[in-house]
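There are structures below to look over.
There are two complexes below, and they share chain A, which is joined by chain B in the first and by chain C in the second.
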Partner chain A sequence: MMKANSSWFWARCGLSGTLLGMLLLGLTGCGEAPPARFRLNMVEMVSSEMSRDQQIGIANVLTAAFGTPDEPFAMAEAELDLKKLKAAAGAVASDQLGNEVGLYRRHCAHCHGISGDGAGPTAAFLNPYPRDYRQGVYKFKSTERVARPTRDDLRRVLVEGVPGTAMPSFRLLPDHQLDALIEYVIYLSMRGELEQRLVAETFDLDEGERIDQLPEVAEITKEVVAEIGEKWAQASDLVINPDADLAPPTDRSPAELAVSIAAGRELFHGERAACVKCHGTTALGDGETTDFDDWNKRLFKLSESKPDLDLAELGALPVRTIRPRNLRQGIYRGGRRPLDIYRRIHAGINGSPMPGSAKASPDAAVGLAAEEIWNLVDYVQSLPFDSLSLPPEQLVAPKRERL
Partner chain B sequence: MSPVVAHSPALSKLSQSRWPHRLAAALLGLTFPLIWIGSLVTTTQAGMAVPDWPNTYGYNLFLYPWQTWLWGPWDLLIEHGHRLLASAVGLLTIALAVALFCLDGRRWIRWLGIVAVVGVIGQGVLGGMRVLLDDRTLAKLHGCAGPAFFALCVALWVCTSMWWTNAKRRPTTGGLERLTLITALLSYVQLVLGAQVRHIALGARPDVFQMLVVMHLALALVLLAHVTVLVVRTVHHRRDQPALVRPAMLLGVLMTVQVGLGLATWVVKYGSPAWLADWGWAAGYTVAADSMLQAMTVTAHVATGSLILAVALVLALRCWRLADWGRQAAVAGSATLLGVTT
Partner chain C sequence: MRRREMMASLLVLGLSWAICQPAAAGDWGTIRGKFVVDGDVSAPAKLEVTKDTQVCTAHHPVNEEVVVGAGNGLANVVVYLYSRSTPEIHPDYQAQADNQVAIDNLHCAFAPHVATLWTSQTLLLKNSDSVGHNSNITCIYNDSKNVLIPAGGEVPVKFEEKEKLPVAVACNIHPWMKGYVLIQDHPYMAVTKADGTFEIKNVPAGKQQLVFWHEKLAYLRGVKIGDGETSRKGRLKLKVASGDNDLGVVQIKAKDLAAG
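So, the complex of A and B:
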């Protein structure tokens, strides 16, 4: 009896093991290892009703203009450094002297994806999602809202990381590797921007026409790439540099600082800056919490307008709302210097619901003057030290009373 | 006191020499660091630091200039180090197989020695092919085969010990033996799942990775429950057998450490989970890419997984060695726990 039981047990073990092995192989694919290739932005393709043939046309133009993940290429109009691109592209490897290649795949691709679509294998678990570079939209930068970031802005994010997110600090990488990664990120952005423009151009073509078969395709591509390259080249001219005469002096007395904080508090809770709308009256980030960033808003609108579209099948991540920052923690993802916070308030955060608050011109009727923005900076910086931000045991009065 | 049954007289003739066991112990002592270093190679993505195989940059593996190796780049240091250590493991495995053939009368253990030699050569070729083809799937297989070879070394170590030769059969407790075996099997499946997570193809869809991580976590919970039950039942039924109680306790400790290392691995790789985002520490935490803390935490998680498999296997082999399936130990009552009936 025991022997029969034992045989049955072994048979079950064997069967379970076989089934499990098949399941694992099925899940991961036996010998799958898909070759590294750029993926088309299928959400754009399908929502713009590009036919399969037209998609191939767009892919051909993109390959001609930017090469492949293993063999990147940049047209002269893009003003990219091909040597740096080659160091960042390709498979991970190094030599006896320690020269490394494949830096993007080594450090970035598992979250940001080979194509820079922010949908690498690990992306679904991360909150916020990794940046999708393909629109050329970056949140934390020193430039005006819709301007591209400077290379220094990208370097700062790489070196400092983004606190409270999965974006790590690459402080330990040597400068030349950081330079190569920055160049490659810009390359992926430009490629994505060109892809969007090609979709728009193809949309205007007659049915059955492919963009890669147009006689003037080379001129169109050069023109668009030059336009995109120009935006990136102009970024350093669009850095927000507040007027030094209007900046608060560094040797302010506590009383002067208190006055500025009080003015900032008024603005924060008032209608002109209307910070409380999202950050909440408590500044805990508990105001409007049902809004989306631009990437998710686009997907949300698509899902509303075309409910039959299977966005997940097209490679999109599930839509998520964005959380306003809890300003009482003293954690600022775009940098903690007063200048960083000034720039956030001045231009807002591109791609997010955080609007720019600065006046369009000194004489403009709406918006905040530079002094008022500095008042807000002082108030925001005071919040982590406000009694409401202290642990409960240190509170001397109920929260409602102190508000 | 439970009745005991001696093994057949043939057993007493076995393993007269202590050398096979000593060699098996040395093999274990080398294989575990090899797993550490192999894991470190994957963690730091240094696998392609030496593009040729079996040579190293054109040199015979053993003749590569040691100054360049030791004072060269980090990736070269660990990849070439991994190859040298693997070669030492290979040579020791051959020595063990020879010792078993000459000094151990048991036919099956001689075959096990040959299987180990084939295994270590196969694993070396797999590692070499992974380099020559720069193939992620082969890297995954290499990562899964490493712990399997380690488990084989453990089996050789246990089966060549004096304890194995002198063990007296005891009435089986029924479920305990099966529980040990299932725990060892699950430990290996968990390692395989971990390898899928670790070697995920860069072109894989996010939901594939998500599913693998969820499966890895779910199996971790099942394994944790298994190990807990195993420890309790081993202590309860075999408290007079330190050879079983000690590995069971060690397994419990390792499992606890491993859960902590698993959580730490996530945090040092991807930051704190979203549900912790409002906590002061988590809100301000920035992951440091390529830091020693990151590399060592991830590597320790992988290596501890292999150690759990090894200890679970020691326990399973010893339990099965003691079990006399012809007789059932008297157990007060009958209970079903996790599908295992006592």
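So, the complex of A and C:
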């Protein structure tokens, strides 16, 4: 059993070893670009003080479990569709029939990076930074806070883009290409999640030990990938579906709507929902401007503990604070349907400082009730049309002065 | 991991059968010690309160990274048993297994600053202030949490897995608020009190490893404790005898605790 478990692993390690050997021998010369390689999460490596040797160990396990950017691989436990992955992976090309491959590098890698670290060549010029997939943390989705997004959530982001950011819409891509990209994004996430766990597992080992040299490495890897796969598989069971009976009717009179907006305003400025603390009394998003999202907080903590460290050398982007959304612009990154805004308030935004504010269960003592969240949705949606949000009246000088 | 542990324990069992008698089952030892700062530490800096000043400044919140108490005792050193698998739990702990462990948001600071939680217990996030708080707990093995706690409210949360290190607790509404919680699958853990002392009762006797961690120092490395010295990962190997095990006074240099 044990032997059978390990054999695929070593076979795959051997394969990557051969590839590495070819690279070292310069067989990829003749003006061809070297094969694309996944970059290790150096922020994790340095934060957890992995030795060079241990980093190599982690890289070997990752290659065995997920392959390379040109030759992706998925263990059965990951529940990924290898055919789709192959269409998205590899170099940009198309055959005589016009079938395109290398979709990820064609459409995504320049911002999100080959490894899905959100630090592609363009990333430094963008604000907000592109998503780093490697934690499995996504902000704009239909599921409970810490749950993974569903495939439909990722499709929505691809089709709609993310308003107010550099993420464009890929509405023009055919469905099968979107499917392939969604699969590949999940693949990069799972790979990054495994990497993080391997760092944690290596942390437990003695100084000289490497994770890829443990006799039970195949078993550990399978166990962790199965755990990660399960989280992704569970996502569709964790979609936030507000009780339809509690949702406001679609045929409300203006007076009824005004009552709801007023209730939402109370909550927004009160101590229970406390929205005002970060979004500001004006809702311009200026209440708390010194905080970080989870990705930048990790970087900030590392730079604090090791002030001499050059983050850029680790492949990390400069640390940035996060701004709460300016709610007067009417631009909503996760979608502008009332349901989208409901979900943002219910679960908060994973990876960001925005906390979830819904009751844990309908009879929980603390948290906002569904009706209250709908009141907030109404208030938030009224803000862009509030007099404060309108552009200042243009002062037109009298004709004579203009002449 | 399990197979390895099994193999290791089989090996250990075999060896101990051949060489010596293992510590008799049912032997338990209490570990105690005291952390003292060698030198003077500057007074904790006042925190800049930018929000809810009426509630938050009334008690002059200070940076609690380094808390030095009476007799130069170093508070908030986290001490816990290191074990790859869940250790045997002394029956006396069973009464606490379902307890709620509270972290209160009090005067815009976390009380306690460092909490310990056994995975069978429930963490109760409380808010005794008259302003809203949120508690953002970022984990590696558990699902992270970020819940809003209205004034006077409390939210129970559960964690299934142990974490290797204390995880940070933050309030995003009041970004100066910082705290930690250590989550383990056993109750053998302690945080040093204001006088620097700690005590962990009824640890299974025999060879054990303790981990020492402090917010400012991270792992306590190369620190002489009792007859031994901590490793790079803050671990100390020791043999827990039945009864009292006093690790004595542990000196921490003031310059290591200085800001920077």
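Everything below uses one rule, namely that the second predicted complex is superposed on the first by the 359 of 403 C-alpha atoms of A that agree within 3 Å, B and C clash if a C-alpha of one lies under 4 Å from a C-alpha of the other, contacts with A are read in each partner's own complex, and residues count from 1 in each chain.
Heads up, the rule we're going with is that a contact is a pair of C-beta atoms (placed from the backbone, for glycine too) under 8 Å apart; a residue touches a chain by one contact, two chains touch by 3 or more.
None of these values were measured; they are calculated from a predicted model.
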First (chain B), second (chain C), both or neither touched by A:L172: first
Partner chain(s) touched by A:A64 [first = chain B, second = chain C, both, neither]: neither
First, second, both or neither for A:H107, with chain B first and chain C second: first
First, second, both or neither for A:A370, with chain B first and chain C second: neither
Residue contacts with chain A in the superposition, chain B compared against chain C: B
Which of chain B and chain C A:A91 touches, first, second, both or neither: first
First (chain B), second (chain C), both or neither touched by A:G161: first
Contacts on chain A seen with chain B and repeated with chain C across the two complexes: 2
Residues on chain A engaged by chain C in the complex (per definition of touch): 2, 49, 145-146, 196, 200-201, 203-204, 207, 214-216, 219-220, 223, 271-274, 277-278, 287-288, 290-291, 294, 297, 305, 348, 350, 353-357, 360, 365-367
In the complex, chain B residues that touch chain A: 45-49, 51, 57, 68, 72-76, 134-137, 140, 178, 181-182, 185, 189, 192-193, 196, 200-213, 215, 269-272, 274, 277-278, 280, 282-291, 325-326, 328
Chain B partner contacts - residues on chain A that touch it in the complex: 2-3, 6, 9, 13, 17, 20, 24, 27-37, 91-98, 100, 105-107, 109-110, 113-114, 119-127, 160-173, 312, 315, 317, 323, 326, 329-331
For the chain C and chain A complex, residues of the former touching the latter: 1, 3-4, 50-52, 84, 130-132, 134-136, 138, 140-141, 143-151, 153-155, 164, 172-173, 175, 218, 232-233
